[in-house]
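We call the chains A, B, C and D, going by the order they appear; numbering starts again at 1 in every chain.
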Amino acid sequence: MQLPPAPDRSFASDNAAGAHPDVMAAVIEANVGHALAYGADRWTTECTQRFRDLFHGGETLLVFNGTGGNITGLMSMLRPVDAVVCASGSHINADEAGSAEQILGVKLIDLPTDDGKLCPEQVRELEWMFGNEHHVQPAVVSITQSTELGTVYTADEVAALAETSHAMGMRLHLDGARIANATDVLGSSAAALRSFTVDAGVDVLTFGGTKNGMLGGEAVVFLDPVLAARAPYLRKTVTQLPSKMRFVAAQFIALLDNDLWLRTARQADTMAVELFEAVAGVPGLDVDRPAVNSLFPTLPRRVATVLQEWSFFWDWDVARSQYRWMTAWDTTSADVERFAAGVAAAAAADQTERN
Amino acid sequence: MQLPPAPDRSFASDNAAGAHPDVMAAVIEANVGHALAYGADRWTTECTQRFRDLFHGGETLLVFNGTGGNITGLMSMLRPVDAVVCASGSHINADEAGSAEQILGVKLIDLPTDDGKLCPEQVRELEWMFGNEHHVQPAVVSITQSTELGTVYTADEVAALAETSHAMGMRLHLDGARIANATDVLGSSAAALRSFTVDAGVDVLTFGGTKNGMLGGEAVVFLDPVLAARAPYLRKTVTQLPSKMRFVAAQFIALLDNDLWLRTARQADTMAVELFEAVAGVPGLDVDRPAVNSLFPTLPRRVATVLQEWSFFWDWDVARSQYRWMTAWDTTSADVERFAAGVAAAAAADQTERN
Amino acid sequence: MQLPPAPDRSFASDNAAGAHPDVMAAVIEANVGHALAYGADRWTTECTQRFRDLFHGGETLLVFNGTGGNITGLMSMLRPVDAVVCASGSHINADEAGSAEQILGVKLIDLPTDDGKLCPEQVRELEWMFGNEHHVQPAVVSITQSTELGTVYTADEVAALAETSHAMGMRLHLDGARIANATDVLGSSAAALRSFTVDAGVDVLTFGGTKNGMLGGEAVVFLDPVLAARAPYLRKTVTQLPSKMRFVAAQFIALLDNDLWLRTARQADTMAVELFEAVAGVPGLDVDRPAVNSLFPTLPRRVATVLQEWSFFWDWDVARSQYRWMTAWDTTSADVERFAAGVAAAAAADQTERN
Amino acid sequence: MQLPPAPDRSFASDNAAGAHPDVMAAVIEANVGHALAYGADRWTTECTQRFRDLFHGGETLLVFNGTGGNITGLMSMLRPVDAVVCASGSHINADEAGSAEQILGVKLIDLPTDDGKLCPEQVRELEWMFGNEHHVQPAVVSITQSTELGTVYTADEVAALAETSHAMGMRLHLDGARIANATDVLGSSAAALRSFTVDAGVDVLTFGGTKNGMLGGEAVVFLDPVLAARAPYLRKTVTQLPSKMRFVAAQFIALLDNDLWLRTARQADTMAVELFEAVAGVPGLDVDRPAVNSLFPTLPRRVATVLQEWSFFWDWDVARSQYRWMTAWDTTSADVERFAAGVAAAAAADQTERN
């Protein structure tokens, strides 16, 4: 089969993209002279202040990656016998290779969802577990924003979960590996970010950097300062204390400067919509309009295989012949056009072949 | 007290230094286009081949930091009830905030040493523990090269420990956060590196990058490939799987190119000797000739306090009024001269004051 | 409401019963003079030989309770990153307060079932997880026999699960807290026991004593002797090594003598059927014929509340107004008659009241 | 060599003894009818009230064994990163096969002692660790009373440790596997018990039953009720929740009745002194006067080997040819006479042989 030229950037994942030029420039600028390790440097001081400004408070710790950020954050809220309530498809449950169980010794109570989003009713149904020594005690509700399925909680939805959780004596954790993408579609401003985090009652969150234009690095934001008190120890114990922390801090400073984090997220989200519109009519392909930067199309296995060899992307649900296409901060309209053209060509060739 | 100008670079730690220009250039070069995450990129492929060439075999996994590398490496050799034998002052015992216990659930049998080095006799004395269900079962001996006290095991010493460990059914782990510094003083070549690692019988080691001119990153080398089989899973579980791994790999490629890793270590080690010679005669100061890049002087508390405010360095043993001075890959002779001049001036002023 | 006299023994649980007189006599007999602790006594030697005879091989360790037995047995089959596949309602998942996660650091992959029984198809669907470092690696399938819902796997069903598990490189664990009740209904003989355990390919099982007429004590049987090698260490580490072990061993010897374990189980199972028949026609009550010693009736909440105050039993599923009635080794036909009479009277009174 | 008849009861350990007749009678009496499991029975209610009376407060949980009691008690006082300070030879460090590390993920900071007893100075020296994220944070001091070396803390010594620990923000844990023996020598009354526990500031302790005349069972006493709140969950999670708890409770009630616990301990302690006096002059034997129920004699290896075959006892320190002789609640003067006669005969024969 003859396919048009592949796009310069694949639609495999947002973590296949490199670092934004401004982020790279910040790292280069920070690479001058000596600075004390483990965060006793001026970049980390400035970075944590920036986060305080962004969230109107809280304390922030920088870590290496998303799994490490989730573990550090959850650890600050857990005692033995406590359990974490989460969606079955959540990253902490499905994609962290048992980190929570191995490192924290915690049970995850994973609940089914259609769209990756938990709802207060599901949490309330766990009420019966409290006070019974034969069962773990739910202590934290963990949500992902945007979710692993590319959906988004509204600020009201988060607030309802926080209210329910708090009323039951639980905490609310938000895995924000793609928090910028969610912010983009919920108002695209710092105020929008606060509306579904600090204003909604989230206790601890991660603020993703890696997928949004950094070389690597995530922030754990303790909106309840009580939880921050012991968090530095926890970060160290779980192996997430960066030695030359200035280089993580400098990247975040660049990302927070002039709303770069929102502009990069916006580009990714916009490209996803462009891709949706470009492939919407392709025969044999079925896909929903994306909320953020991912599409989950179903298409014939034969077509997908041809396309994956041409410009790689991941399987999502093999049984349903469903795939994942994901845009990044550096995806261009030209990439979308080329990719959509390839999809159309592969689908057409398949139709011809079958007739 | 009037002190001369402080050095441009402090003697606080080798992790206070930034990244070597060649390392930074490699990161910039790697920041082009898309590359699949988690190591499915050409930089990681090349990097792991470079390590295979360097060690004449083995399998290498890249991780974020030293603690994470130690945990990943030890985990590959441990079953429940197993214990790790180490020096009391070893990083895994004294400076990792209980990571081994929390993440691996393992007991560390920490043994006293004068100079940070374990000896085969100490290991053999644990023979009585085997086969008794009331006691943990020693399974790994862990050594640090160079040690936390700046000393170095000879290749024969490592080989003797490996032989003893293996004869007792145990494995030998080597924490090589400063393995380049040790290699420098043991022959300064790849052959020298192999002499005290693969040739000596080490099973798993970490190869430090962060302290030797990288932005951040360490390598875990499984010299016994059997241990490597499950190691990728372990790395993920302990939160040490870098997402955009190309940036760690690119740094290591630069470090291994043209023996940069040995040249940077050489500079640090040489500067430590220069510093030793420059302060040797200072009254009230007592210090041994450094083996690698650290000195552990004792000097009057008053003098030290003045100096720490002038150009910061860390306390080592408060009770003995002992401190640590450490050189880095970017320490210059001018830094040494300035620092030594300051030390001399502070000591002289103190002498005067007391008379 | 006027109810007939309550039964002498409640239908709350089989662990509400005391010890069988033969078991008690054995403890009294064993309480003579000194015997070395931790199993170096003649009772333990005899007891483990009895289990070897019963299962035609294997190695047996005595422990305090069911949760401890499950943890010890599972631990012998697990490495880090490994996961255990089990039914959602299994004791290890639902009723052990997170022991597996806390002590073993393991993730439980809990699958939904209608009747408490896993099937090979469910296990095979996990094939996709293997070899992917982002996911835990299924390593053990754990089933309960008889299940928490009072159902029983046939020997063929267990064999099919063992075959599937082994073909996928996994082990099969059987939680036999009520293994005697299952044996009773599957043939009521040592051969029947072997048919669904050692002959079917089970690797490790627990053999329950507490619920079947002992003061307390369970046995962990390692049918694959490879797994037994390190098990004594694991038992100690998880706090399950009885000091004066002769008293656990003596109880098991009594239970295995003259098939007492089958006779006690038979009594419990028979009484459950008697109770089923006695209440079958009660208006407003719905209940299935029991497979072993438990019934799960639904009946009006008002009726249940009255009955629970009269002769206590546990709620099962509050939402469905479902309860659990359980017989024990010492339940008598007189107990059944009285209890059924009470149920009938309460139901009738309720009918009257509502009309 | 011809030796006199061996004693009816060995001097191997106090856990080689069976149960006291009163304890056994209590178990038999409790074995009547049904009682709800897991402590919802009248024996447990009475037993915990008895402990409340004994300690003038506190909350008590019953568990299976000493290791389980220590783990449950320590767990109630620990958060991640916390460490437990203990003597090197303490049971939790040396004889529990890594339970604390495996189950709690905690680091034990084990300190050297001459006599098994920690002192406040050793605890104070750990002050430097606080507030440094690279180190575990000492949170609990754990002592054993009487110690593994048969020594005893005075009430003042415990109070000093409690004061130091509390002043540093730490808790004090007391492993009382042989708390009755210590109480015996410190005044032999409930008041004496309180003097070195609740009055001295201990936060949590275990109260041993197994070694003091029970079939099996220990109590964990939370003198600070705040710590008791979550303890039932912890007990369950660490596999230490007895199902038919009435049988543990009934034993303890018998032990606490009419000071049986003090009378049994008194017998053991007295017999140890008798043994000391009976062997004091034996040539080639060196032994200190016992504080409680154990002697640690050194004697020629040849003599010891002969004696161990005649009436078994354990090696203590092979390098020093040191052994342990231990009396129990049921040791008689006749046992002592026979044993001492054997020791004298073996020693004399050895002297003759060597001349």
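Throughout what follows, contacts are C-beta pairs under 8 Å (C-beta built on N, C-alpha and C of every residue); 3 or more make two chains touch, one makes a residue touch a chain.
This structure is a prediction, so every number in the text was calculated from the model and none was measured.
K.L.:
Look at both sides of the chain A and chain D contact and report whether the same residue positions are involved, with over half shared, or different ones.
P.N.:
same
K.L.:
Given the two chain pairs A-B and A-C, which is bridged by the higher number of C-beta pairs in contact?
P.N.:
Answer by contact count: A-B.
K.L.:
Which chain lies the greatest distance away from chain A when centres are computed from Cα atoms alone?
P.N.:
Greatest centre separation from chain A goes to chain D.
K.L.:
How many angstrom lie between the centres of chain A and chain C, each centre taken as the mean Cα position?
P.N.:
42
K.L.:
Please work out the Cα centroid separation of chain A and chain D, and write it as a whole number of Å.
P.N.:
Measuring from centre to centre gives 52 Å for this pair.
K.L.:
Would you mind pulling out the distance in Å between where the CA atoms of chain A average out and where those of chain B do?
P.N.:
34
K.L.:
Enumerate the residues of chain A that touch no fewer than two other chains.
P.N.:
80-81, 96-98, 102-103, 105, 133-134, 233, 236-237, 241
K.L.:
Spell out the residues on chain B that touch chain C in their complex, using ranges where they run on.
P.N.:
Of all residues in chain B, those touching chain C are 38, 75, 79-81, 104-105, 133-134, 137, 230, 232-237, 241.
K.L.:
Mind listing the chain D positions that touch chain C in their complex?
P.N.:
Against chain C, chain D makes touches at 8-10, 12-13, 15-19, 24, 27-28, 30-37, 64-68, 71, 96-99, 102-103, 210-211, 215-216, 233, 236-244, 247, 312, 328, 330.
K.L.:
Inside the complex, what are the residues of chain B that reach chain D?
P.N.:
80-81, 83, 94-98, 101-103, 105-108, 128, 133-136, 318
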